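Next come two complexes built around chain A: one with chain B, the other with chain C.
On to the complex of A and B.
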């Protein structure tokens, strides 16, 4: 009996149908012609990076110990003792940074090509949720290293939650596993980082891709409409090349700028220079400029407007050209403010 | 014709180079991950440990001492001193010295070793482990592995 026949008996699936579905869904997926340009075909970058993050994360979990006594020591052990530990940790750390960067670029691209317009509003919102999850991933991730910066980032970050009206205090106690930052906080953040967030992210990612596939990739203005090429081989190989390129970049960065370990967490001394990671700079700078309550309400209002922009934009005008100009204006302004706050914060 | 040949050779070399480099890179990637998972074998270090005075154990007798939590037997034989680990090589129970029968006996599964540590009967797969012994100025030393205590060792 041939292997194929043996397998067919054990898994009685209609193989021809299976191959047909695979051909229709993956191999022959119609990709719009503009995606032959590198500039427009990088939407899969965050997905590639997420896959690599899962891989390197699993590898880090082989040595990481989530307890206040051992967290810092185990990160030190990985970085300094374990063979290629600095590299694996470097890949994970740089992967996280590149992930945020690629999401930022992806969102900017989607915004300025106005791909969020009807009927793709829901996918924009799913994308915003995914971006929020990625930021939470990063925050919980660098909190696990349990050095001075990560300890105080957790303290400050969870204190911010307290300002949320009505449920703030309960949320704080829930996040910290008590009133103070303790071992409970560390295990909670660890649980969030390796179980809760990956599950949620995969769920929303699958939804994001399903909605994308149902509508097809949006075709930006200025390209010939209705011209497609199949997913395989052109786009498939582009993704492979992008993966190899990203790995090479991450490897190089890990060697040139290896991850540090900082000073061990000291709950009795707040360091002089405490800053979050660069992707929180705009929010951080803004919150430092204005009273806390104002800062939180304005940030919340911005987030709501940002999330529901595909529904807000059509209300602004009936003319497409006016709507487009408003969108470009708002987008450009947001971009300039974000960049300005980031640069300002990094210089101070 | 010559041009075509050159072209073929050039594209062959190009593909060979690209695919070769790619395979090497992928190979190194997985090799490094493999090394990451397997902690390197450390070279064992030993130090001398005093177990008896030369004449303190009469011929044909054994003295039991403990090393950490483990029993160790210092046996005085015709050939000199031998020092055995008291851990049964079967499943790790502690053996006892039976002087009248000149043997070691493991109560767990009735493993029996003679006075030189060889298995006489029972399930033990190999003789009792022995320490390297050194007699120096009326004293008997054994070489004990130096173990540092830490979370990673």
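On to the complex of A and C.
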């Protein structure tokens, strides 16, 4: 009995139909012609990075111990003793940074090509949720190294939650597993990082892709409409190239700029400079510029506007050209402010 | 590059690039695995020493310690330090070989590589066996077998070797690992700086510095280097941090005298002039120490701290003056006699003597209690300034005067027989309004001198002004003192002593105290047992 026949007996499904579905959904998926340009086809980058994060994360989890006594030591062990540990950790750390960077770029591209417009509003919101999840991923992951900077970043970061009206304090206690950052916080963050966040992220990612496929990739203005090419081989190869490129870059970065281990966390000694990771710089700088309450409310207002922009934009004008100009203006201003705040914070 | 062919090319290029980078990653991994343990290259002579010592089982642990040392990693084997030339004082041919070996590597040997450290050490007071100059009747009181493993063991640190070099590097740098962590342990200094006559290790442990070290020091890596003008990497200082280690502004030094502005182990406290030509005057030395303090503290704090410590030292001198007055007077009039053998004196009325109580009390008042009083104030060890210090000094002086009265001294009799409390202050006083810790509101309402002498602060002013003019305190210190003197009601807290807030808090505790006292009276003071005493049945 051939293997195929053996399998067919165990899984009595219509193989011809299966192949046909596969061909329709993946192999022959119609990709709009503008995606032959590199600038427009990188939406899969975060997905590639996420896959790499899962793989390297599993390897790190072999050695990582989420307890205040052992967390720092196990990170040190991975970095200094475990074979290829420094590389795997380097990939994971740089992967996290590149993930945020690629999401910034992806969001910027989607925004300025106005791909969020009707009927794709929901997918923009799903994207925003995914971005939020990625940031939470980074924040929880950073805290797990349990060195001075990460410990105090968690302390300061979670402290902000207190300012949320009414439920702030309860939320803080829930996040930290008590009033202070302790072993409870570490295990909570670990569970979030390796279990809940991946689960949520996969769920929303699948939804994001399903919605994308249902509508098809949006075709930006300025490109010939209705012209497509099949997913395989052209776009498939692009994904392979991107994967190889990212792996090479991240490996090189792990060698040239390997992530350090810092000083072990010491809850009794506050370091002179507490700084979050670079992608929180704009928010951090902004919160330090204005009274905390004001900062929190303005940030929340911005997040709401950002999330529901596809619904807000049509309310601004009936004329597409006006809407476009407003969107471009708002987008450019946000981009400039974000960059300025990031540079400002990194220089102080 | 938009064609499929082009993409395949790109895949090829990036695959190759990735493989190259992965090879580099693998190379780094291999290098890392190799370099986790430093490789020790053992030369022929060292190998011969090790083989023979291990075969015969002689001092094998020393070889293990050496293998852990930086010496071993740097290729400094046995013979580099134990090399000897014919005629050297410690040369001997090692049994079973023809190698001429030095039994005692001296600072001269260490100095072949560590020239600067040996030089600095030789210029420090560690290197000076001053005790030999003024040993007096201690040489008569304690016999050699006792001092061999007593005084000598510690004072070996300043040994003058037959080759003319001075010092004993391994007194601190335990051989043969010569570990920086061991040298830096406070207990290393405490091997000698311990006990009733100079309890620095006990004082350190009593201090906040020592307390933090005890609580958290076990997690600190003490093997750091401070030669690169970097910030001190530990949270609280150990002995070496202040007296030797470098920081951002101060170089590391093996001259422990470089930062000491006051001589407080000698019979009199005075400003240091040790190696003045190289180290500068006491102000320069204090400046160095303050630079170290500034790593962690604000000038407000440490300048005031030092002013108080300096005043304690000057105050000690005045008490010392009283001791010397009595012993010299009693010696001159023949009440106490110097030890004498074959025309040579073996005691000194202003330093020591053992057969008459005044000599004994005077010796303790300096050599034990007097040092504890002064060093405690310098090292944040309150108990040593107070109970192990001034309390015992006062007792020594009182006992001395009582003895003089009993032996017919009229002046002493007058003091003993009076009920005037001024009799405990037979010397001039210094004072500094307040402390560096804060404003005490009630504490300064009690002292006898504050209550009894309206001209108290005028007298203190004149004393402090005199020592300033004599150069015993700096201009900065004088200005700091003046600032406090002018606002003394504030700094002494008297301004607030009867404010409503302070009174209300004070009365709260006073009430509690009344309850305590009442309980004490009811429970035990008024207790009369029916069994009566056995002497007279009362």
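Here is the rule we go by: the second predicted complex is superposed on the first by the 348 of 348 C-alpha atoms of A that agree within 3 Å, B and C clash if a C-alpha of one lies under 4 Å from a C-alpha of the other, contacts with A are read in each partner's own complex, and residues count from 1 in each chain.
Keep this in mind: a residue touches a chain if its C-beta (ideal position, glycine included) is under 8 Å from a C-beta of that chain, and two chains touch if they have at least 3 such contacts.
If you're wondering where the values come from, they're calculated on a predicted model, not measured in any experiment.
Of the two partner chains, chain B is the only one that A:62 touches; chain C does not reach it. The wider contact with chain A, measured as residues touched, comes from C rather than the other of chain B and chain C.
When both complexes are overlaid on chain A, the residue A:119 reaches neither chain B nor chain C. With both structures placed on the common chain, the touch criterion links A:269 to chain C but leaves chain B unconnected. Applying the stated contact rule after C-alpha superposition, one finds that A:36 touches chain C and leaves chain B untouched. Within the superposed three-chain model, A:233 lies in touch with chain C and out of touch with chain B [touch as defined at top]. By the touch criterion defined above, A:260 reaches neither chain B nor chain C.
In the superposed model, A:84 makes contact with both chain B and chain C.
Of the two partner chains placed by the overlay, chain B and chain C both lie in contact with A:247.
For the contact definition in use here, the residues of chain A common to its chain B contact set and its chain C contact set are 81, 83-84, 87, 244, 247-248. Across the complex, chain B is touched by residues 59, 62, 65, 70, 73-74, 77, 81-85, 87-88, 244, 247-248 of chain A. If you check the complex, the residues on chain C that touch chain A are 2, 4, 7-8, 10-11, 14-15, 17-18, 21-22, 24-26, 28-29, 32-33, 36, 216, 219, 235. Of all residues in chain B, those touching chain A in their complex are 22, 25, 29, 32-33, 35-40, 151-152. Listing the residues of chain A that touch chain C in their complex gives 36, 80-81, 83-84, 86-87, 233-234, 237-238, 240-241, 244-245, 247-248, 251-252, 254-255, 264, 268-269.
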